[in-house]
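In the two complexes below, chain A is the common chain; its partner is chain B in one and chain C in the other.
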Partner chain A sequence: MVTNSVVVIGGGPAGLEAAASVAELGTSVVLVERRGFLGGTPIAENYANLTPHMESAEVAMGRLIERVTSNPLIDVRLEAEVSACRGAAGAFTITVGDQQIDAGSVILATGFQHFDPGAETQMYGYYEHPDVIALQDLEAMLKTHDVVRPSNGEPPKRLCFVQCVGSRDRQIGNEYCSKVCCGVASKEAIEVRQLLPDCKVFIFYIDMRMYGYWENQIYWPAQEQHHVQYIKGIITEVLAKDGRLLVRGEDTTMGRPMEVLMDMVVLSVGMEPSAGTRSMAQLFGVQQNKYGFIDSVRAPLDTVTTSVPGIYSCGAALGPADLEDCASSAAAAAVKSITSQRLRVSAG
Partner chain B sequence: MSMLAYPGGSGRGRLEAVIDAGSALLKAPAVAGFADVPFAEKQRLVDEVMADMRYPDYLYGCYECGICVAACPSARFYDFSPRRIAQASAREDVELMYQQMEEDIWECSQCFSCVRCPRGNNPGGIITIMREVAVNNGLGSARKALEGYTRIIYKIMSTGTQVSPDMLQPDAFPDWGPEVKDVSENLDVWRRMLPPETMHTTSTGWDVDPRTLIELYLIWFETGALDMIKKVDEGLHMILEEVMEERLEEEGIER
Partner chain C sequence: MPIGGKKQPPEANEFESVVVHSTISGRPWQLDGHWNRMFEQRVIWDYDTEGFEQISALDGGESLEWCYRCGKCIPVCPVDLVGNYGPMRLHQLVQQGQDLFASDQAWLCTTCMNCLRVCPKEVNLIKVMPAVREVAVTNGNVPAELQDVFEKSFRYGNALGQNPKRRAAWAKGLDVRQLPDDPAPVDVLMIVEDYWSYHPRGQEAARAFAQIANALGVDWAILGAEEKTIGDSQRLAGEKGLFESLMEDNVATLDRYEFARIVTPDPHGYNALRNVYPTYGHNYEVLHYTQLLAPLIDRIEWNRSLDYKVTFHDPCYLGRHNGEYDAPRRLLESIPGLTMTEMARCRENGYCCGGGGGGMWLDGLTANHTTERLSERRVREAVETGADVLAVCCPYEVSRFEDAAKSTGNDQLKVLDIVEMMAEAMFA
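Moving on to the complex of A and B:
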């Protein structure tokens, strides 16, 4: 059956923005979310405050969720997964649970997952040392204003971030930059310094990618106001030593090797396509790049069109993205998902 | 001995000593020609640098871009880097800052070419402060760097001028050419050819009123310059005190 409704898959920042935009343009939406709640990774992973403006993730996401749940044109299906898709652009039939949903177009907003720093090539001891954590683990601590060493419950006196964990690494296969980790680590570094003024905070990096305004919004305040120490050089391994963590690397700009003791090590893990992105890409037959993210085949000026007519994608399902990118591509996908149907109808 | 000369981090014992001292980063071990002091003393010196009212205007963040080094004349001749000065300060690296106060800061020519920093840093200014702290605390490097000035300070205090015409001796300045010999042999005549009568002198640069010496001494005394001299050269300080004792007594000045 030909219909002009849109199915959005994924209830994170991109999916919510896409669903809200489609509905606000007057088209009905079915929003399918695997989890039992909306908000996606920022909520599921307990993000404290969003980069770069530091607004509470719950507040910011709450506003977006409210925009979706208050709109009568949006039918939200929680704990629901798409298991099949038949038909073609303008007349898809999508199986969700035991129901068949008709849709003119589909938006895949299935997002990313954090790189698992326990991968075998990583020598950071994420699963070995309790005081080695990842960005999202620190987010959860910041959310409850309780940054302590998991091993003994004491606040750290020295804490460092290790950048590019799971990104820009040919050995792992993730040769891309995950874009947001520099900003998120710098933001968290500021928050740690604010919460624990006696804690020295270091960021070990390859190069800081604080593009655009993030430079002045996060990077320089971190360095100049909060005295976060940026050291160019990547940590090769983390070792337990006398109840603390010994990190080894090179202080490249000073031209010296270094071994420094830390109380906590935060791994700035990158982005990988989520399990949902991988499985939905396969189910809908859209082209993926070598890393598993969904290809936008008409880039750069069209960022949301996939290789299958009628199927669009947005947010971090397309590749590493910050929230601004997610919101922008979501709105673009919303417009395309509607206009493609109207053009098809008017073309007869 | 500079950071770049640091030979590759061998020797675990030294490494751990540094880490236990709480240094932010590994610094070169004490291979340089200056005395090591307890960490608390280094921290005290660094705190004194950072407490200086100029310090916040001289140090912001550092891109580690190297533009200051590219502009620095000293960097062409010495293993000296204004970038490392700014970085060590930005990192609050106590060990390294101490090392720089004992070494690097005396290789700077204080030309301030480094102020072209895109972040507005002033590595030369940080060095000015570090030098002052080094002098005020009588660091070995300050004493060594100022050794050559002992004679000059003595000359100023005892005569009121820094250089005098009779210092122009052929042996002392062979590079000035054969004219020096002629000038030095007839110094008195040459000096009397100068229009201002106050310059018809040979053992001082010009006529100095004895009162000037008293005032100079009192300025040095009140501003703490004499205390500074005492820190870096106690012998010189004793001589200056002796030189001035009688004059001050004559003038009826009590300190």
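Moving on to the complex of A and C:
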């Protein structure tokens, strides 16, 4: 059936913004979310505070969720998954559970998942050493204001971040930069320093990639006000030693090897397409890039149009993205999902 | 090493590496740091935050830890060109737990400001070094040669330890008014500073200045025996207390007289009067002597032309620190017959003579860490331009560069203050 309503798949930052924008432009929306709650990865993975302004993830996401749930044009379906799609642009029929939903356009906002550091080629020992954790593990600790060594429950005296875990690596297959980890690690470093002023915090990096304003919103304050030590040179192995962790690498500005003891090691894991992004891309038949993210086929000036007419994508389903990227591409997808239908109608 | 073991005496080149030539192929072999490295600890065992905590707690020390290791400072650091130095290296040293307060590395910086010019993070050694050195001074970790100058400055009011009563000896036989003898109001109060007052070559420049100022009808006078050094280099070398006590004396002296402007030949004193005194509430109109004379060149009656090919050395504290690059050049270009040629490093990127920030009095310590003096390197740059005169307008420089010209075998290079050449063209 021909309809101008829009189905948005995914209830994270991008999906919520897309649904809210479509509805605020006067078009009805069905928002389909696999989980039993809205908010996406920031809520599911217990993010404490969001880059770059350190606002509580629950507060910030709560505001966005409220915009969606309070809008009568939005029909939110939780614990719901799309299992089939028939039809074409302007007249899709989408199967959600045992229901058929008509839609003129579809927005895929199925997001990312964190890289599994167990798949790292380096000897980081994520699954071997309890005190080796990942960015999102530390987020969960920060959220409860309880940063302790998992091995003994004591606050760490020395904690380091290792950048580019699972990113920029041909062997792993993720050749891209995940874009947010430098900023997120620096943000978490600030939070650790605030929570545990006696804890020395180090960040080992290949190069710090603080694009745009994050440079002096996050990186410079971390260094200049919170005394986080940045050391150029990446860690290549983590070894257990006397109940602590010996991190080994090369200090590339000194041209000398380093072997330094830490209490906790935080792996700055990158982004990969989520299972939902992979399965929805296949189900809707949209073109994916070699990493599994959805291709925006008219980039760079159109970031949200996929290879299938009537199907748009936004947020981290398109590739590594920060929250600003997600909000921007979501709004763009909302506009395209509506205007494409109007253009089709006026063209007869 | 050459195969066959017939050693040739090594020849040092400018980058602290040693080259020997193979006796078989004639090919040069570079024997650089790799040889020494075996004997040093290679592995970095720890990084420390305590050094930064101490340094950033100092007034002025905040910015050292801002370094993000881009390395832009290193190629423009004058000390690195003859050694291994620069803000990024200081940052590394502290991050690796070395005690900067007790290290020779605290004394090598000449505060020339070329690093700050290029630093994207505004790591400001002009503030960091005095703050760190002040702690070293308090701890008694001062190189003896520098301590000697501090004591002389305190005791005699000049860095050379000369008799304060002989401050105006250079003016003997010249018509130079001394305010203590004749305290009537004056337009220009000349603060002669130490090296023009006492150093024989500085005195020649002072005498040249006096003749020129008188010929141009400048209403000027000096403080004579009442003058004490401004002591800006002592301040930058870590003796803020000494600087402040000198300032107290100098302000009390200045308060006794009426004058419109202060003029000094010393860019270091000029810098302090212009930028530091106001932070203590003491405000004067201050000019470098080149800024006094440059607007007066049309009044000059030249007597002869000088067949000199001249290159000019920008003083760090006149140029980079205070933005004056043109006044000295205008004076030089006005001298009939003289031709100017610039060194590759000039104006904003001018190379430091090594005398600033206490470097003037740290020759011994600096020599232990550098392959040649900064002044020697600068002299070689001047010679490369084909110039036969190296022109200067900072009292530190005539003696530094004349020594360097001799030690580098470039005796043919004359080192002259701008006023010496002006006087020659006006009066000879």
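Convention: the second predicted complex is superposed on the first by the 346 of 348 C-alpha atoms of A that agree within 3 Å, B and C clash if a C-alpha of one lies under 4 Å from a C-alpha of the other, contacts with A are read in each partner's own complex, and residues count from 1 in each chain.
Here, a contact is a pair of C-beta atoms (placed from the backbone, for glycine too) under 8 Å apart; a residue touches a chain by one contact, two chains touch by 3 or more.
As the structure is a computational prediction, the values presented were derived from the model and not from experiment.
Bringing the complexes onto one copy of chain A puts chain B in a clash with chain C.
Within the superposed three-chain model, A:Q223 lies in touch with chain B and with chain C [touch as defined at top].
Legend: residue contacts after superposition of the two complexes on their common chain; A:T93 is shown touching neither chain B nor chain C.
Contacts of A:S151 after superposition on the shared chain: neither chain B nor chain C is touched.
When the two structures are aligned on the shared chain, A:K200 is found in touch with chain B and with chain C.
The superposed model places chain B right into chain C at 110-118; the other stretches listed in 110-118, 200-208 or 416-424 stay free of clashes. Shared interface residues of chain A (contacting chain B in one complex, chain C in the other): 200, 202, 220, 223-224, 227, 229, 231-232, 251, 253-254, 256-261. Here chain B touches chain A in the complex through residues 3-4, 6, 8-9, 15, 19, 24-28, 60-62, 64, 83-84, 87, 90-92, 96, going by the rule given at the top.
Chain A makes touch with chain C in their complex at residues 200, 202, 208, 219-220, 223-224, 227, 229-232, 251, 253-254, 256-261.
Interface residues of chain A, counted against chain B in their complex, comprise 200, 202, 220, 223-224, 227, 229, 231-232, 251, 253-261.
Contact residues on chain C toward chain A in their complex (touch as defined above): 42-47, 49, 52-53, 56, 62-63, 65-66, 68-69, 71, 88, 92, 95-96, 121.
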